[in-house]
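Structure record follows, encoded as structure tokens.
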Amino acid sequence: MTTSQPPTPFVSARGISKSFGGVPALVNVSIDLIPGEVHCLAGENGCGKSTLIKIISGAERPDSGEIVIDGVSHAQINAHAAIQGGIQVIYQDFSLFPNLTVAENIVLTAEVASGRRLYSPGSVLPKAKAILQELELDLDLDREVGDLSVADKQLTAICRALVNDARAIIMDEPTTALTHTEVSRLFALVERLRARGVALLFVSHKLEEVLAVSQRLTIMRSGRQVVSGPTSEFDQRSISRHMTGREVDESRVVSDLDLTAPLALEVSKLSLAGAYRDVSFGLHRGEILGVTGLLGSGRTEIAESLFGVTPADEGEIRVGGKLVPIRTIQDAVTARIGYVPEDRLSQGLFLEKSIADNIVAASLESHRTRWGTLSRAGIATTIKQYFVGLKINAPNAQAPVRTLSGGNAQRVVLAKWLATAPTVLMLNGPTVGVDIGSKEEILELLRVEAAKGMSVIVISDDAPELVAACHRVLVIKQGRLTHTLEGDQITVDTIQERMSA
Amino acid sequence: MVVALLLAVTLFAILNPRVFLSPINLQNIAVAAPEIGIIAIAMMVVMLTGGIDLSLVAIANFSAITISTLHTAIATTDPDLANNLGVVIVLAGIAVGMLGGAFNGFLVSVVGITPILATLATMQIYNGIAIVWTGGSTLYGAPAMLGAIGQAAVANVPLLFIIFLVVAVLVAILVNRTALGRMIQLEGANPVAAQYSAIPRRAVLLKTYTVGGLLAGLAGVLFLARNPTASADYGSSYVLLVIVIAVLGGTNPTGGFASVFGVVLATLTLQVVSSGFTAIRLSSYEYAIAQGVILITVMIFDSVSSSRTKRPKKLDPQLPSEASPTEAALLRP
Amino acid sequence: LTGCTSIGSVGSEPNSTKSAKDMVMVTVVKAQTIPWFQRMAVGVKSFADRTGIDARQEGADDVSPEKQVQIVQDLIAQQPTAITVVPNSPEALASVLKQARDQGIIVVSHEATGIENVDIDIEAFDNASYGSEIMDNLAQCMGGTGQYVQFVGGLTAKTHMEWVGAAYENQTKNFPDMTRVETPIESTDDQGTAYERAKEVLAKYPNIAGFQGSAGNDVPGIARAVQEAGLEDQVCVMGTSIPSVANQYLADGSIDKIFFWDPALAGEAQLAIALILAEGGTIEEGTDLGVDGYNSLKKLEGYDNVFVGAASVAADAKTAAEYDF
Amino acid sequence: MAALRRLRGSNNEGVLALVLLGLIVAMSIANPTFFTLNTGFSILRSAIVPVIFALGVLIVVITGGIDVSFAAIAIFAGYATVSFCLNAGFDPGLPGIFAIAIGVGASLGFVNGIVIAQFSLPTLIVTLGTQGVFFGAMYTYVGASYYAELPGSMAALATSNLLDVTTSSGRAYLHLLVVPVLLLCLLVAWVLKRTMFGRSLYAMGGDLEAARRAGFQVKRTQVSVYMLVGALAAIAGVIHIVLSRSANPRDLVGGELDIIAAVVLGGASIFGGRGSVVGTVLGVLLVQVIKNSLLLVGVPSAWLRTAVGVLLVLGVGIQAIAARRDSRRMRVIEDLDSAQQHEQKVGS
């Protein structure tokens, strides 16, 4: 082996620039994908990672620069050409077909690329089965993707990218909705692909994953390439510094919980057939309570029952000591319960509407004037308060939410609920797909609100995040509350151990 | 739309100034626009939720028939009483319109039928009942007050047109300045997110279609004001035309976005083009072509120009501006 | 209120008597898309050629009252000498016709007995006697006995309802052995619908012996159903239509007789009346319009401005072939 | 349970079939004459043109669009062809006539497709616009007169029957043209299920951007879809003219919404991505049964419109409620299933 000269990249993006409506999203970015190597792309929300990926895959057109595939330069390529050239992408938003089955979603891209004209459900099924086996997953191949949980959708998107014999695979935050068992299976597969000589591009906000899986690292900030180099030259601290331009601290910061504080929420013997059973817990005023568990453990269903989306069959819910029957979302909101849902894009946001409209969406009734119209001054104050207070990064509050990056979009959802002044705020995966800097800020925000008396439930399987912010952590397994962790018990290791034990 | 309107006016003013610019023609435009304009606004409100209402014209006729029947029934015994009760009778007609709208809302929100189907069915139902009720013939008679309104003008501006503008302003306030209006918009923009934002979907839809019915009922009153006769079959060509107008006026057919001001302008534009075509002696076929071409041209123009300039205006981020362009435009003197 | 005015009070100039060369007359028909009115356009053109008047025909692309109102309204601004109109809904037109007359425009109508705000309404014949005549023929064909049904273009179509009404009255009075088995059936002036409805009637009443059609599309639609059932000889089909549409069915007996008047002549007659009025003349009992069938107008009883001609034609297979429309 | 679900069909076709069956039973009870071969054949015949239209609408609806210009295209293509043949004085025979009409229809569909695909405009609005354009253009440039006589080959087809049965209740005819319609249904079903083109329609209806990213030639497909609809409409237009034995330029336009209603009734989602040929055919049949037998079962003619509306509400209402209850039930069941699976997995 003579490795004196650098290996030739399979795909390179050279000098890519792209702006949206005059706002630069990428400025002169270059990146090489080398066969047999995992290249990680890291950076804060909105720094342009997804945009770069879409340009490489032909989903967006660059303003300038070129894409070189196998030494052939293209000023731009389209999705069809990219796929035929052997590039597969797991998009951040999955880009799946909700109306088609898992099996079809997995194989359809490959069938298109093959240029076949006929389609035979029977002959494509084995391909889908094979990839499921390889990843040791049990997805129901006949189910429609629209009915799947976020995690299963993500798994489907992963399978789809892997079913092709791709020469380059790009993964835009493929692990956001996965638990660490699934993540480790994915990483094992990544190793195998690498050994096969596939070039990989990987995006994640979880720095330990970045360090574990990649050989090369590119860090971006505000559309610019800050640094590129072998991963071995970085550690978590230096990555964070490059990403944010400052030191970031992810240690555990929780206030002392006043256990004599009145209970804001009491849940007793709550059950929903097929989802969870006999769940009881209390939530103190000012407490941040973590709820964690594996995929399908029922943690989301518990939250959705408390929020009235899928009312519980049995059990009691008390808010501020008063028994409240929660049958609809309106009941929950009347009882001052708020919920930041799991699927931010479709459940949390009005993408085409402005940031301002989104912020006041849940608190319209409280902005009424005597005449029944909306108070313009009141609304302006609310919007200003949260737009500025939550440091939402956009040209102005009239910008459509569609143009925001993940972290900023999440702040808008938060703002919407904070504007209703809830006594209990539940957040499902509050920092999924949110970068380190924003994550820290969002958690800090929750701490501040909790200190002011709001009770918070954080549903997450991101152990470091739970450690960083929660007073107590509940572990849910197969629909039952199995452990309650308190004080010193709350460490990343205990949480992960209890979750999968 | 402003550009389109100016363009149309200029074009016809140049082609046949004597006819097109004659006061009587301008007044005619102002008399003809309100009834269709109000139905178009009703359509816009419903389309804002991502729905559609094909039964609006049927509701308008139903309302007109109700008013005419009530009036005639009372007038046969006591003509003076009938005219004195004019307001009550008219309100009864509008109430019937609201009822029709509420039933649509019930079908859409509670039963869960796709709006286009639900209102296609109710269109036939309302229409059919009106036929049975009237025996198919045209009813004469309406409170004298309506005829007076239909004929009146303030400084040569027909009262009907002024009513139209007032309704437009009220609906603009409803849509942009009330909680219900915002909820209607949000429901149309993303129903799932609306649900998760505790927006009471059923109530909002029910109210939306009821408002649509109310406006249609009002349009029925205008039918009578223009002409004191009511029939089950009047205005069937408006059913699809009002969709065209609503969309020309900037309503997003998938919901969430609309502009009352735009719909008013679009109504006037089409009215201007229609009378312009008659003024320069083009046939109704050619007008049908023109209407389609205008619609598509405006849509293409919008799509091309918005994809070029789709960028939030750089305002002071510290002071998020609240007024949408619609409001601003409507509030301008 | 000082600002208060009323609609139509603007910009009217008196319509002084002009010579034929300066006159403009417009015929507004139910819809330009119907063969019937395409034939009427022929009459309008021949009138224009004959007199040198700028006469033309306008109409919407379908039979909606509101479109017609719109057209008349738009025409007012052009200040034509006369507007002649075949209304879709006489009632809906009444107020806009008033505006036209207020502007000094002469208004003549056709097929609109009882319409308000016109100078003269001219009918090819008396609707009641026309309907009654159809029934006489139908009864004769059916031998004065059996079941029959009536079709109308629309339950809201006034003349159609008058024809079937008069026919029904005639039947109840003079042909007691005949029975009408359904209230008038609506064909929406569409051949396809007429065909479907006729098939339903044939299935429901196996002994049906007569159909009376009103819209031009009714009898051909009915005839197709009758023909398919092989009942050309058992069933009598009669009603309004024009020869070119009905000929093929008259030939095999699936239509037995059609009734009509020549729309071209009716068009000419309307314009001729407008011309007389424009030149300061009047229309009276016995006026001769110089148009076939309208050589001696009769005043219709109960109305002061409705005149009828004697222009109705009944045609069977043989006579229908003589017409070229 | 699974068998039941299969019977009900992925788009509630089963429920629809039941509703149709129930209606037929009810009508037969109301008037036994209804339950005859004669009525059956007659309804089939009246469904010929609507079914072809519905197939076209189905294709568009699956991609997430709506087309209201198909009736204008149909009459334009059919009428222009007849007019051309009669004026030129030659009869190209049925294949020739269909070929000309399909050419015209596909070209008009191309106009729709190119405008929609090139500028990503809402389909309902574009086709609402082109509907007026096509209709006006036909009258202005093709002609407006009614043709009572058709070219010989068309006239001959008009009276060709597949079956001619004499029963106690009279003679019953099944028109020959049900055969090509059946073939078209099979063809479209095959295309939708078994070709990549068909699958791409579902994919586009599911998520257009995702389809683009998956490498589907989105624009090209969109244009093809509208051309295909144009071609289907043209076939329907010619068949309509054949069946009505005259070419009337005023025909067809105005009935678009009924067809769309039938397709959606047949389980196609107006938002795209869902729909089947079986459901569509059932939907059309249901609407035809409703429209063409009320008189027969004794509904007074003045009440026809109301009755059609009420039955439509009932039909779609039952569908909507079934679909919703179904989705609720399914969720819970699947949850249980997955919980059990989890248990098994953990246990093993």
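All chains are identified by letter, namely A, B, C and D, in their written order; residue positions are counted from 1 within each chain.
The rule is short, and it goes like this: a contact is a pair of C-beta atoms (placed from the backbone, for glycine too) under 8 Å apart; a residue touches a chain by one contact, two chains touch by 3 or more.
Here the structure is a predicted model, which means the values were calculated and not measured.
How many angstrom lie between the centres of chain A and chain D, each centre taken as the mean Cα position?
So the centre of chain A lies 42 Å away from the centre of chain D.
For chain B and chain D, what's the span in angstrom between their mean Cα positions?
The computed centroid separation for chain B versus chain D comes out at 31 Å.
If a residue has to touch 2 or more other chains to count, which residues of chain D qualify?
Those would be 135-136, 139, 302, 304.
By the touch rule stated above, which residues of chain B touch at least two different other chains?
Touching at least two other chains: 131, 135-136, 283, 285, 288.
Note the residues in chain C that touch 2 or more other chains, in rising order.
32, 61-62, 155
Testing understanding: with touching defined as stated, what is the shape of the graph linking the protein chains, line, ring, star, complete or other?
If you draw each chain as a dot and join those that touch, the picture is no line, ring, star or complete graph.
Taking the top-of-page definition of touch, could you list the pairs of chains it picks out?
Applying the touch criterion to every chain pair yields A-B, A-D, B-C, B-D, C-D.
Under the stated contact criterion, what part of chain C meets chain B in this complex?
Touch residues, chain C against chain B: 1, 3-12, 32, 56, 58-62, 64-67, 69-71, 73-79, 89-92, 94-96, 103, 154-158, 161.
Using the touch definition from the top, list the residues of chain C that touch chain D in their complex.
31-35, 38, 61-62, 155, 182-186, 190-192, 195-197, 199-204, 206, 217, 220, 224, 228-230, 244-245, 247-248
How about chain B: which of its residues touch chain D in the complex?
Where chain B meets chain D, its residues are 54, 107, 111-114, 116-118, 120-129, 131-132, 135-136, 240, 243-244, 247, 252-254, 283, 285-293, 295-296, 299-300, 303-304.
Using the touch definition from the top, list the residues of chain D that touch chain A in their complex.
Residues 193-200, 202-203, 205-207, 209-217, 269, 272-274, 330-336, 338-339, 341-343, 345-346 of chain D touch chain A in their complex.
Residue numbers of chain A touching chain D in their complex, please.
57, 59, 79-80, 82-84, 89, 91, 94-100, 104, 108-109, 111-113, 116-121, 138, 143, 147, 273-275, 296, 298, 301, 310, 478-479
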